[in-house]
Structures are given as C-alpha cells and as structure tokens.
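First chain A sits with chain B, and in the next complex the same chain sits with chain C.
Up next, the complex of A and B:
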C-alpha cells in the first residue's frame, strides 16, 4: 500500500526524450550535430599553425593557449568566442555535473546558470583578445630556421599545421588535393580543409544566433497578436504584411551592401531582423487556436496572470511547430549566409563555406565546390531530420 | 431545501451582444443577442439548473457570470458585492470564489502539464501552498474526486474522459470556491459515467457547501441535481421554478415541449410528445414579440406583436407567456 503512495516523477522533457530516442535516424542526426559542434569547438586542435609545445635548445614554450586569444591570429570574433568555450570546456562539463548531480536545482534554473556561465566565458575571451599585443608570429618559420641553424628543436603541432588564412605559395594555386593539403588549396593558397573546419564555427553560430534573434521577435509579436487580438492583432498583422512584402533575400542583399565593414555578426542580425515574419504568423495562428481552448479559459478563471498564461500555458503547446520551424530556420540561415558569401556580400575575412564555394565557382575546380557543397547539404539535412523528430516526439497524441 | 438561505449571487439584467461585423472596414451590421436581459439569484448551497437548446446562450451566460466574457450590460452581485467593476488584485481574489467546470474534458486540461501542475497551479498563484504541501493538497483533492493519488504526475492524455472530468472538478474545487459554474459537465461523457460524475458533484456540494449553476441541455440530468431550474430560449429567460414545481406544472409551451421529450421508461404510459418544428431562429434577427412564437403550438395572433408579460404561477414560479397559468 505504501508503494501506491510513491509518486512517479516524470518531467515533460524526459518524456519527449524517451520518445525522440525511438527515432533511430534522428538519433544519428543529433549525434552528427553534436559531433559538428565538438569539431567546431576543438578546431584549433585539428588545424592551426601554432605548436602546442616546442622547445629550442632545452627551453620549452607553450604558445598555444595565449595564441588562442590573439586577435591578430584570429581576426574573427566568432573564433575568439569558440576558443574561449574550448578553453572553458572542462569547466563547463564540471559545472553541468555539479548543477545536475550535486545541487539538483530545477532544470530551468540549471539552464539559466549554465547560459550565464557561457556568456561570461564569451565576455572574458573577448576582453582577453582585446588586450593582447601579440603580432602574427610565424612559428613554423622560426622552428625551421632554428633547425637550419643546427639547434636541437622539437615541437608538437595540432593534427594539421595550417591556419585558415595562411597562404601556401609553394605550388601553383589552387593546388589539387594532396597529402599536404587533403582538400587542396584555394586560389590564394589557403588550406581548404582547415577553412572548412573553421567554417563549421561560422555556420553553426550564424544558424543559432540568427534564428534566436528572429524567434525572439517572432514569438513575442505573434503571441501578443494571437492572445490579445483586436487592435493589437490588426497592427501587428499589418506590420508582418509590410515586412513580408520585401523578398527576404534581396532585402538582406541590399542592407548588406550598405554595411562598410561586414562581419558575420552583421549577417546574423540582418537575417534575424528580416526573417521573423514566418515565425510571427505561425505563433499568432497557434495562439489564436489555443486561446479559445477551455484550458486557457480555466487558467483565466483561476486568476493566473496573463504573462504566465501566455508563456507557461500556451507557448509550450505552441512550441512544437515553432521548434520545427527553428530547426528548418537554422538550416535556411546557414544557406542564406552561404549565398551571401557566395555573392561576395558576406564577411570576406571569415572562412565561410559559401565563400569557398564562390572561389570554386570562379576557378572551376571540383574540390572547391564539392567539399563546401556537401558540408552545407549535410548540415541542412541533419537539422531538418532532427526538427521533424522533435515535432513527432513533442506531440502527446503520437505517443505510445 | 430551506427557503431562508443566504443569497450568494444576484444577476440583474445581464446582456451579452456579440457584434456582427462585415466588409473591409469591419462595420458592425448587427448583434447576436446571446444573452438578452436575464435576471436570477443563486442562494448558498443551492443548485440552479440552466436548460435550453444549443445556441440559446446558456454557456455564454455562465461564462459571463465569472467574467470570462465581458458582458454588454447588467450587474452581477456576488455576496452583495458588485463584481462587474473589479480589476487587478480584486478580480483575482474574486476568482477564488467562483470556478468553472467545462464540457469538453479533452480541451479543458493543458496537455503539457501533469495533474499536479494543473490542479496545483492555482494554489501557488494564490499563495496557498507550495512544494510538498501543495503536493499533499493535490493528492487529497484527487482522492476527494475519486482518483488515485498515485496518478499525480501523469499527463491528461493518460486518462479517460470521465477521469479527466474528475481532474477538471478537482481543479475547480482546489481554491474552495463557493460557486461553481458547471458548463455541461456531463454532456461529453457516456451515460454510466454521467451518473458517477453527477453523484460526485452532489457529494461535493453537501461536503463543501457549494452552489452550482448547472448548465445542460438534458432535463433528466438537471432534474437530478438542481433545486431550481431556469429555462432559456434564444438568449432570454422564459421560465423559472423549483425543480418539482417545474416538472409538475410546466407553464411555458417551450418548457412543455422540452419535458415531453424526456424518454419515459414505462411502456404503458404513452406520453404525448410535443415535437417542435423548425430550427432555433437566428439570434441576429430574433422574431418579433415572443421569440418562441414561430415554433409554438399554442400561438395566438398577439404573440408575434407584443413581448409577453411575466406571469406568476406561484411566488417562485414565473414564466414569460400570454397563456394563463393552469392552476
């Protein structure tokens, strides 16, 4: 009889997860996303022209850690942030463990602390990079010179010794794939594989940040319009219609042309600011539908506040289609950024997949087209797969 | 039932008109008079049944009373306090005293929340209980409505319709209200479950001294639970009486037609069934005079011209018709 009294605690997300696990293809997709993310974070270990350790005549140097925050080596802020996350990753894992196992706060509280910590890491790493006065030191040349002088030199490099902007002028560029450059080089002699690896960082960030921006705008406007209706709905709907009249991609192109020094962040904000209309309409529709349901009426009758009804009652119910559209959105944001870079209107310094593709088109070299093309295809389809699986897993009616 | 009960709710001249808009500029071209000038009272511990056809405004009336829908006109006094003007915190406090049970047990529970969250949220919002204490109260409530507390962390989709309706009842009584609007709470359930839920509502009424406004379209259900019955037709109140009185002496032709539609289990007693012809007229353009006259079997020429007067059969039994009460 006592056992009857024991409450079985099942959180909503654990139910969703157990449902998601049943979809094997999506599980592989999720694995692929996690692998891509890890690859993005740990890119410097895969390819960088800075040795992890080197010693000349008995003196050992550890330039790797400091060079990660050298603005002259990593011109892109995205890279600095990812390097910060890489350095902090052992702490991040430890924090997660502490939050989950030791303190056992509620999941939402965990998430807030966790995101706060991530933002702290990003701020610290950008501050650190702001204060470095290091030049773009050529370690490989230095080591080669020391070797030529007959000094005792030993060095441990990352897997590949290239940085994404270092040019190899020892052959006729673009070089075809070889043992030295596994995917060849581009027109200026930069290693394509290395650029592809760092390109993952750009694509992932573009996808996540741009989609976060437009999800935020879309959800807030859509929720207000759908919940309150009347005049608020009228004005928000007209605003949506005005924005939707502009072809998104050409609007981004035009706006991008006005920005003098484009960075990837400009591209993210541009995508975010013009693409929220679809989400807003979706959320508005969902809210209109849910608003009339009796459970919302019951919540009003119980005296629950409007904000709470909107965000904790209706939004979770509307989340399924929103989440699916977000994963599709990540895929399309990556595509948009690639297209911009392809047209030469992206961040010209960043190693973007679209940029590589653009060079490949100009040069007519197959390896310059296939590699980034496949990468874009792969990421887009993986996100779509996972999105569909999340939708199915979140639908309580599809549960067995 | 004792007559000297304290008055709990008083509804005066309640109206709810929904505007009918058309055209590009959303011009108001007419009104749906869903609830048209109804007045009644509910005493403490009393159940008032509200019956009528689909679309006669029963549900709208119920929801207007607890201010889920803002009325067009009228006054509602709850414990002698005018609740039409309440805002913010006062409105929130008022909500503790009035709750609602819905018809559809499927859409009335949030599919994303567990029973604990659904029933317990109100306790938290009104600062009554939190955490373990809240869990205990919810478990208690579940037992009270006949659900095993071990299901406390289950989701609504894991329950049957009758069980869900019990969850809806648990949610409604969680704040210990004094009045519950039952918006056709058993219409969506099958007959054996209907009886269980009705009996549960009666038990809770005795135990917690609840008052109900029991909205239904099935007179036999209403007869079982109500002390008094209101008959509505096209947004208007057409007859009101004590349950026994109404069943013994229905005065309005519409009430007579409704009563004749109740199936009689005795095969030897062939009752005369009054079959209403035609549909309920559109509430946008209600018929002139008595709204019931186009379908009335006993209509007279005057019915289409003048609004019928209120006539009393007894002190507490009145109806709106030109026909004389049959004493």
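Up next, the complex of A and C:
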C-alpha cells in the first residue's frame, strides 16, 4: 500500500496534475467546464414545458421521465442522449463505486469504463426514444383548461416552463426581457434563456465529438506516417499538405451549403473531416522522435506486434501534446459551429448559440446578441485557459 | 518471345506517335486553310458592302428629306381602326421644376447590359426601364388593359390576329454611343442614327438566331412566321397561329439598334456564320444604348452607374437631369445612406421598416417629416407549393387542411409587418381578372384536424403523428419543406408553421438550401413541398406555370406537376381570346379552379415600403413594373424642406 502510494506520486500524470493545481485561474476554468457540463446535462430541470408531477382531481401523473425520450418534444438526437445521461447518471455513479470496490481496477481503466458507460447510455436512450410514442402534448394548456373548469389541480414544473422550440405568439416578437421571459424571446417567440441553456448541450457535443473525430483520423494517419516512414510517410505527408491548402472554414461553408437537411451531426462530421491535419503532423513528429528510442527498439526486439507497439507503447508517450491540442480544438470547434450557425448554415432547428446571435443581428436586438455572444466568449476562453495550463504543466522547463 | 513482344510494342508506340503528329499537322493545316478562306470571304463581303453602302447613303439622304416635311404615311389597311389609344400618361406637369440629380441604390452589378441575352431583374428595373425598353406601345399606366402609343403611331391588326402592321414614329433617335471618339477608331459611328424598320427586322433576326443566348425570349417568338419591311417606317409581323401572346410580344416589341449590335468594334459587320457568338460577347455589352428618356453615361463596377437625360428624346422628357446609382449589396448601408441623404430614394426591408417607421421615435427623420414613406404593391406573390405527385400531398383534402393550419394573419402582422396583402390565387391582386369574391382561408387548427380525420389520417399508434394505410403501407403524415436559406422572415414563418402543424399531428421537416441547389431540386421535381415567390404580370399567361403539358417536362415552371383538364381548357381558351371582358371572365374561372384545388397555399401579394426625402415631389407608384419609375418625379428644392 505504502509503495503504491509512492509510485503514484511520481507518475507522469500526477506530476502534471500537481503542476496544474498551482495555476489557480486554470482550476477555476476547470470548475467552470464541469459546471457547464452539469448544466448541459440537467437542463430539463431548469426549463421544460412538462411538469415533474401534476394531479387533476386526485389522479397524479408523472409525465416528466417519459417525456424526456419523446422525439416530438426533443427533436435533436443530442438532447435525447443528454437526457439519457441525466437519467442514468445516479446509477452510473453508484455502479462505478460498486465496481471499484469489487474489482479494484487501476485508474487508467477508469476512462475505458466511463466511455463504455457512455456508449451504453447512448444506445439505451436511443432505443427508449424509438419506443416512446407520444404526441407533443401541451401540459400547460391542459392544466390551465382544467383550472378554468374549476377542477382541483396542482402541478410542479421545472424552474422555467418553456421548451426551447415553443413559440409564444402572445406578445409582439421579439419580446424584450421580462419576468415571463428572463432574456426575452427571439423573432418567433421562443424563450431565449431556454434556448441558451439547451445550446450548451449543442456546443459541448460539437466540441467533444468533432474533436474526437479529427483526433482519431489525425492520430491514426500521423502514427502510420511517423512509425513506418518511407513511402507511407511520403504519401500521408503529401495528403496532409493538400488538405492544409484548403482554407478550412470556406471548405466547411461550401460543403455545408450542399447538405439539405443539416443536423448537428453533419456539422460535427464536417469540422472533424477537415481539421485533422494539425493533429496528424503533431503525432507524426512525436512518432519520428520516439521511434528511435531504446524502449521502442526493445519492444521490436521482443517481437511485439506493430499495432501493439504503435498504440500501447508509443502513443501513450506521445499523448501529452495531443491532449493540449485537443483542449484548444474544442474551443475552436465551438467557435466554428457558432460561425456556421451565425451564417445560417448550421442546424436550423437546433438551439445553437450562433443561431441566436444570427437572429439578433437580423433583428438588431441587444438581448439576442449579448447573451449568446457572452456565452461563446466564456466557453471558448475557459477551454483555452485550461488548455494553456495543461501545456504549461506538461512543460518540464516551467516546472516549479 | 519476350523480345518480339518488345518490338511489337515499340512499333505500335511509334505508330501512335506518328498518328498524333499527323493529327496535329492536320489541325494546323486546316486552320490555315480556314483562315485564308475567311480572309477571302471578308474581302469579298467588304467589296459587296461598299457597293451597298454607297446605295444606302443615297437612300438615306432621300429618306432624310421627307422626315423634315413629315409626309403623310400611306396606311396599308386604312379601314382598320388604330389599335393604340390616344391617351397618354402625363410625365411632366406644367409646374414641374427641371433639374437635379436623383441618387438611388442598386443592390447588384449587372452581368451584361445586353437586353437580349441578359434576363436580369436588377438591370430591367434600374437601367433598361430608362434607357432601352422603349417598345412600339406600352400598357397605359392608368389603365393597363389599354395600350398607348410609344415608338409606333399606329398599329393595324387583322381580324384573325395574325398580321400586325406597325407604323413607326419618324425622327426617333438612338442615343450617341459612349466610345472614345478621340482615338478615331470609332469614326464609323459618327452622326445621328434614326430608328427604322431595319432595326426592327434586325432585332427579330437576332432573337431567332439559334446561336444567340436567349432561349426563353426565343420561345415566345417560335410562332412568328416572318417580319416584312414595307418601307423605312413600316413593318409587318406575320404570325403562324392566332395566340394571345402574339399581341403583347408584337405590340410590346422592343427593338435594339442595328448600327451598334450588327458590327464589330472596328466597324466591320459580323460574319453571318459566327453572328450569334459575336453577339453574345458583343464589344458594347458593358455599356447600354437605346432610345429611352435617359442615356447611359458611365458604369464603374461595384461603385456607380450614371444615366443622363436624353435631350433628343422623342416623347415627354422627364424633369430630373441625372440618375446616379450607387452600387453596394448591404441593406444596412442602404439605410444609413438614406438617413445621411447620400441617397434621395430607397426601399426599406422589413426589419428596418420595423425599427425606423413602426418603432421610430418622433425625432427620427422618418417620423418628423423629413423622409416620406409609402408602401406600394409589388407584382409578386409568395406561396407554399405542394408537390402534386407526392403520395400524401396529392390529396386535395390534405392540402386544404394544411392551408387552414397556416397562421397567415399572425405572420402578416408580426413577421411581414403588413408589407403584403392576403391573396387567394395566382392572378395579380390588382388586375381585373382577380376574383375578389374568394375569401382568404382563415387560420383554424380544429377545422384542419377535422379535415385530416375525414381524409382518413388518424394517429393510430399514438406516436403523435397521424398515419394512414397508403398502398398497403402505413405512412406517417410527414413531409419536408424546401426553401432557400437566408431570409429571416421565411425562417420565422416556417418555425411557426411547423409548431402549429405539430399540434395537429403533422410532421414537417425543414430543408433550407442554397438557391442554386433549390433550383436544381425544383427542376428535377425532387421535393415534397416548397416555399417560393412568383413575379406576375398584368395579364400573365398561366400556361407556363399551370398547364398540364408543362407538368411532365423537366426544368419547367410547373414544378409541382399541377394537372387539371378543366384548367387546361381555360388556359388554352385564354390563349385565343382577345376580348378583355371575356378574358377577365375566364381568368376568374381559372382563379376559382386553382383556389378549389389548393396546389399552392397562397400567402401574400407582396408590398414594399419606399422612402424618399421630402424635396422629391410627385413620387407616384405605377401599377406595372417598374413600380418606382422615376420619370414623373421632380425636385422642388435643392435642400429638403424643414417641417
């Protein structure tokens, strides 16, 4: 036990973490990211037009849980997935503790198990949404009608009673901020604050998924080029140079214009497919450096398969710079998605921050510009702060 | 074996290389021969032309003399009543003050000024209307059912509407070409040029030339048999068939000057075999010429376009000396330039209209009387079109239900800001053929739901979307709405429609695409439903959009594949009916059929809000395009009046 503790203290990642902890601003940033993630996951508790529980004349209904997987209410797959995570999160945490107690696995396996859980939740929630057959029931209208009839009604709603696509046509839209709509409404009467909250989900997913896609492409191609060298390196390097030649944003713009039913996933794939070159070059350089090292030679001498050498021996050692670029990548992916939506080429139905900003520009309303603008600024700078702190923490020359 | 193979290979390679060299040699040789041939032919034609030129100078000097004396024209059919009416719209009132420069906005650069090959809305509205859209006669601006004299004084039409005899006004001058006179290269263009029958014949030849890039325009002249020149001021148009279209395309014929468009920049007439190609890329294409009230002065791409009053104009000259267009695409800049009085006249977009006029405070120039605003009708209607071959939307009941579910009154009030009027059919709302007795369809979700129930669309599986067994398959009531991206108003309208449809169990997906993609999809009829707008005309021929013969043609305007034998009958009958009352009756019948079928859910006849500084007087909006024709306007003062 004592030995293990000692060993842990000198591990590379624990050194990095101790360095990271010294940067107070970055710690706050990390906290902000975790808060944002929690907010994204628990948005339905903050704002939804479905009551948690309501009773009419003594009969009590619990529509909330089922409605979370109603495709007519949540039209974006992203929302369904986040709802699944929300429902599953207590169970996941409990299960994780149990597993840890029973199996006592090492920390590096945590990540694998975590990703496994995520995939499981995704599959389960999509199955649940496929099997949930419900209309877009207007609970608010129903409850109001029951009240008007003089029935005994009681209901508990989430903090705000709006869904992100519900149009409020009672006032002259866009409505200015008021008690009813804290951040006003957009041109079609949709509550801006609710859209902002659900927009966090879109931004986070775009950041993580798009970066994962291009990381995957970049790491595989870069590793192949760096490890094998020769003709493979030549071809992959030329491919990288060709792709680098295209101005990324304009390439995405052009491709986006030709997709007819754009969803958030199209945007993720677009960003992922065109921005892998930086990572590929980074990984290639790292592999070129590591290839000549003794431990790799030893592994080759031991007759370990190439795939194993590449992915389990060299890659973990090359992970540092990749992680840093991924953190910055998330920020830039969020920015790219916002720019696309701002130009009207994002998902038109998804409540994206860039989309709200675009409506604000068209309508010339302050609350429609400031809210999403600030949100984008905040998220991007937080991710950049954290990325910078990781980079510094990993740099041995800056070690304190 | 191997060696033999190699030898064989070598021989075949050598053979191919030789063949290639021969081919190249041949091409070069043929080119040389052709060049020589063309040179010789040019020489021959030059000689011929000189001969002709001599004779024409003689004839023009002869024909010039009678112009001054204005000898009476001999009519071919004196017994026929003149088709043209005498009344004219008074362009200038006696109190009109002459002078001033009108600064206006132009949103885009024209690709070419050639009126035959370019079909550019911007160009037509801003330039051609003043420079070169003078036709034999125009529809009267007060009563568009009548035609008034323009380039022609008299038009005789035979009873079968197949032969039109046109008597041109004498002494109509073309503008002076804007070329570099000092270089001496253009001396051949010197002197006054008069509009004659030769120009008319030339224009028809150009349109009928298959090499010239004007397929749409040529289509309208397919039935034109021939044009005969009787004398310098008399031409006869002979049509193969009696069609109503022949009337507007003969009487509204708009000639172009032969002395420019028939010649190369060094004064050589174009070779007949390559005429079309030369004409498409004509050296005068980036300048404009005509015989209208304003002449072209200069054009700087992306910056400005200047027109000046033509002092030799044959008709009533407008009061304003110069029209100065500033070219930039941004509408916010447009608004700022109006406010700073860099522009005298402009059009406001709905969001600007809301900010400046509906919500503007009393000190803003739009509210204190410095800038005057007025909304006027545009000849455009907007609609949602339903693909008539779609398995769900081909049912009339479904289309009616979808029309009931569209909250047009709210949209008109809050999104389109009353810049429009509810319309019920494809006829221009102000024209005499529009049936005013047809009521706009109200917004009624209950009725829509009931109609869907009647049509057999019920939500059987409780998933919130109605379904029905179609061809043995359970189908959800779901379709995709195709529109172009970039319009905030359309975006908002679709969002509201989508929400309302979901309330009654209809699932509408939205597909926003680029205009180019949308056009391709419409041409291929590859869509369920679409949102769009049509520009109409005063007396439009519905054939192009509504006739069933157009439904099966790819690239046709009947992209929703509307087929109705009854409507076909009326459309065909209208093409042969010349009596206005009879036409109005038919038009109303047609309107009723379209209304009953609801192939489109008609939205609004669009309106625009024009704004201008208060020293601009007599701003008058025309019933016909261009609605903002500036000819009657004048400046009362150099500076706006303080009110």
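Points to keep in mind about this one:
Going forward, the second predicted complex is superposed on the first by the 353 of 400 C-alpha atoms of A that agree within 3 Å, B and C clash if a C-alpha of one lies under 4 Å from a C-alpha of the other, contacts with A are read in each partner's own complex, and residues count from 1 in each chain.
Assume contacts are C-beta pairs under 8 Å (C-beta built on N, C-alpha and C of every residue); 3 or more make two chains touch, one makes a residue touch a chain.
Bear in mind the structure is a predicted one, so any value in this text is a computation, not a measurement.
Looking at the shared chain after the overlay, A:135 reaches chain C, while chain B stays out of its contact range.
In the superposition on chain A, A:297 contacts chain B only, with no contact to chain C.
Once chain A of one complex is fitted onto chain A of the other, the partner contacts of A:126 are absent, as it touches neither chain B nor chain C. Shared-chain residue A:237: touches no atom of chain B or chain C. Contact with neither chain B nor chain C is seen for A:384 once the two complexes are overlaid on the shared chain.
Of the two partner chains placed by superposition, only chain C is touched by A:169; chain B is not. In the superposition on chain A, A:212 makes contact with neither chain B nor chain C. Touching of chain A by both chain B and chain C, each in its own complex, is seen for no residue at all.
Remark: chain A residues 4-10, 12, 15, 293-295, 297-305, 308, 313, 316-317, 396-397, 399 touch chain B in the complex. Against chain C, in their complex, chain A makes its touches with residues 70, 72, 133-136, 138, 165-167, 169, 172-173, 187-188, 190, 257-258, 260-262, 344-345, 348-349, 359, 362-364. Those residues of chain C lying in contact with chain A across their complex are 351, 355, 407, 410, 414-415, 459, 461-465, 480, 482, 485-486, 488, 491-492, 495-496, 499, 502-503, 505, 509-514, 517.
Looking at the complex, you find that chain B touches chain A at residues 63, 66, 68, 91-93, 95-96, 98-100, 102-104, 107-114, 121-122, 125-126, 135, 148-150, 152-153, 155, 157, 168, 171, 175.
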